[in-house]
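Shared between the two complexes below is chain A, which pairs with chain B and chain C, respectively.
Our next item is the complex of A and B:
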């Protein structure tokens, strides 16, 4: 599904990713974990085709990633980058007009689930509710790949929990692969199929979460404490 | 609220145990329908794939049966249910006695303590 082969990404003289090989399969919820500046966001942006590797190759569904990959990849940015004067409804409709795979009915369903008011302007929403809007816009798309960059960042526990519930309720794991970067591992510990750990631009571990528990009696948090020391 | 899972066992096994307990308590009856994979996932806050795996494991143990297009059902075989009940009891007793032996209690002390505890007043 997603394949990175010997991928290096440099920003000037700084190496963000260093000869990374990574293969991710369809139908899984995968967590990409690591400290700030470890290369998590860079990895997501590369898969989304927003930036280009300095060397190496990235494919999604066997297709080489370029800017056109947006039709098969939904990307949730860690930034708030929507039109502040739009209402929630305007924002949903705008997205529906931009992406052919956008399921507007599903979007309204998730909006209701998240208890968002359609007529509220984005600029009047709390940070938590803006976080919820991003989830609506991302999960309403029928793309084989969904990338979420820090969807929980800066949000309080109640909001994080409702986002987790939204994910469980609306993700289509028969057809989708979800890759999430986060610091809030405890929040998503129970919903991940696999975990990939990254440090200083290197992948330092990639495990099936059940195997970690079964073979090593480790939760993801335990495992991270072990590998990051 | 999120269910609490411990880290020493895969979550799908812990959910399987939870379902077995519900069957033993009679919350889920013979032939009764289990929540859909999605409903169960939302209830216990886990990935639908995990619940799918739980149901698959329970099916290989003949505890549940999935019917195409209808969902997953508890077995109608009451003998299977009786044997889960027996098995669960043994498992808990085994853990209990193991801990007691580890701390040096004798068989007699365990028996006596258990009888006293069961017969204590106010219960």
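Our next item is the complex of A and C:
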């Protein structure tokens, strides 16, 4: 489904990702964890075709990634910048017009679930509600790959909880691969199938979460404490 | 097509502040000219001057619009570029919105100018007025569009540079490339081979202005009217040459944004 082969990404003299090989399969909810600046966001942007690898190759469903991969990859940015003059409803309709796979009915369903007011302008929404809007826009697409960069960043536990519930309720885990980067591991530990740890641009571990629990008797946080020292 | 129209609708909403700003600016300039003119007893002269300023400024409307619209998008590149739509579609949508706003501001000004000239100056024939307005409209639109396409090209260079260095240095590099490009293009158009290819389709001002002889010489006792023959010649070949260059720059901008700009 997603394959990174010997991928290196440099920003000037700084190496963000270093010769990364990674394969992620369909139908899984995967957490990409690591410290700040470890290369999590870079990995997601590379898969979304928003940045280009310095060397190596990235494919999604066998298709080499470029900017047009947006037709099969939904990407939620960590940035909190949307068109603030739009209402929630306008935003949903605008996204529906731009993506052929956008399910507007599902978007309204998630919007109701997230208790968002459709006529409210984005500029008048709280940060938490803007975070919810991002979730609506991402999960309403029927794409094989969903990338979520820090969806819980700066949000209070109530909002985080509603986002986790949204993930469980609205993701099609038979057809979709969800890759989430987050520092809030405990919030999503119970819903993750796999966890990938990244440090200084290198993948330092890739495990099935159940195996980690059964074979090593470790939670993800315990495992992270172990590998990050 | 629906996706593009919806995107253009979004562009119109995004660009609304600059449109309103220009409308207020134009109204303000004309109102100020009228007020000062009324106080000084020079209404006609000052209003004519204000209309000239407004029409000249309109050449830069599209450039200013794109400066605003593209810089607004710069903060949201992750949104703007995360789309299956090719960059040509994204940029054309901005251009279309800009041209629509430009027309909405230009049409009332053009009508006002036409009426003002008809009411106050009768030395131009109706045909000449229509020709002049037509030529001005054509000139303003084509120049504005060419300027806009050129701007998009250099904006894409600026955007690429700004990923690696700060905005001030990126601006300096972009400005230096603009000057270098201008110099090289000037050398190119003056090559004898290029001149041979493009010096055709001459149109003189006399073809536009009919029934009035423009040129005059004033001495102490009298003034002598003459014609504008050979004083102002415009080549269709030059227009096509510059338009091709602008289109190439547009596609250059699309390529740079697609392949070099990162979020």
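FYI, the second predicted complex is superposed on the first by the 229 of 229 C-alpha atoms of A that agree within 3 Å, B and C clash if a C-alpha of one lies under 4 Å from a C-alpha of the other, contacts with A are read in each partner's own complex, and residues count from 1 in each chain.
FYI, contacts are C-beta pairs under 8 Å (C-beta built on N, C-alpha and C of every residue); 3 or more make two chains touch, one makes a residue touch a chain.
Because the structure is predicted, anything quoted here is derived from the model rather than measured.
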item: Room on chain A for both chain B and chain C (clash or fit); value: fit
item: Contacts of A:50 with chain B and chain C, given as first, second, both or neither; value: second
item: Which superposed partner A:82 touches (first chain B, second chain C, both, neither); value: second
item: Which of chain B and chain C A:229 touches, first, second, both or neither; value: neither
item: Partner chain(s) touched by A:62 [first = chain B, second = chain C, both, neither]; value: neither
item: Partner chain in contact with A:94 - chain B first, chain C second, else both or neither; value: second
item: Three-chain overlay, vertex chain A: chain B-chain C angle, C-alpha, nearest 10 degrees; value: 160
item: Superposition-derived minimum Cα distance between chain C and chain B (Å); value: 28
item: Contacts on chain A seen with chain B and repeated with chain C across the two complexes; value: none
item: Partner chain A, residues of chain C touching it in the complex; value: 2-3, 6-7, 10, 13-14, 75-79, 81-87, 164, 258-259, 262-263
item: Of chain A, residues touching chain B in the complex; value: 27-29, 161, 164-165, 168-169, 171, 173, 190-193, 209-210, 213-214, 217-219, 221-222
item: Residues of chain A defined as touching chain C within the complex; value: 12, 45, 48, 50-52, 66-68, 70-71, 75, 77, 79, 81-83, 85-86, 93-94, 97-100
item: Touching residues on chain B, where the partner in the complex is chain A; value: 2-3, 5, 7-12, 38, 41-42, 45-50, 53
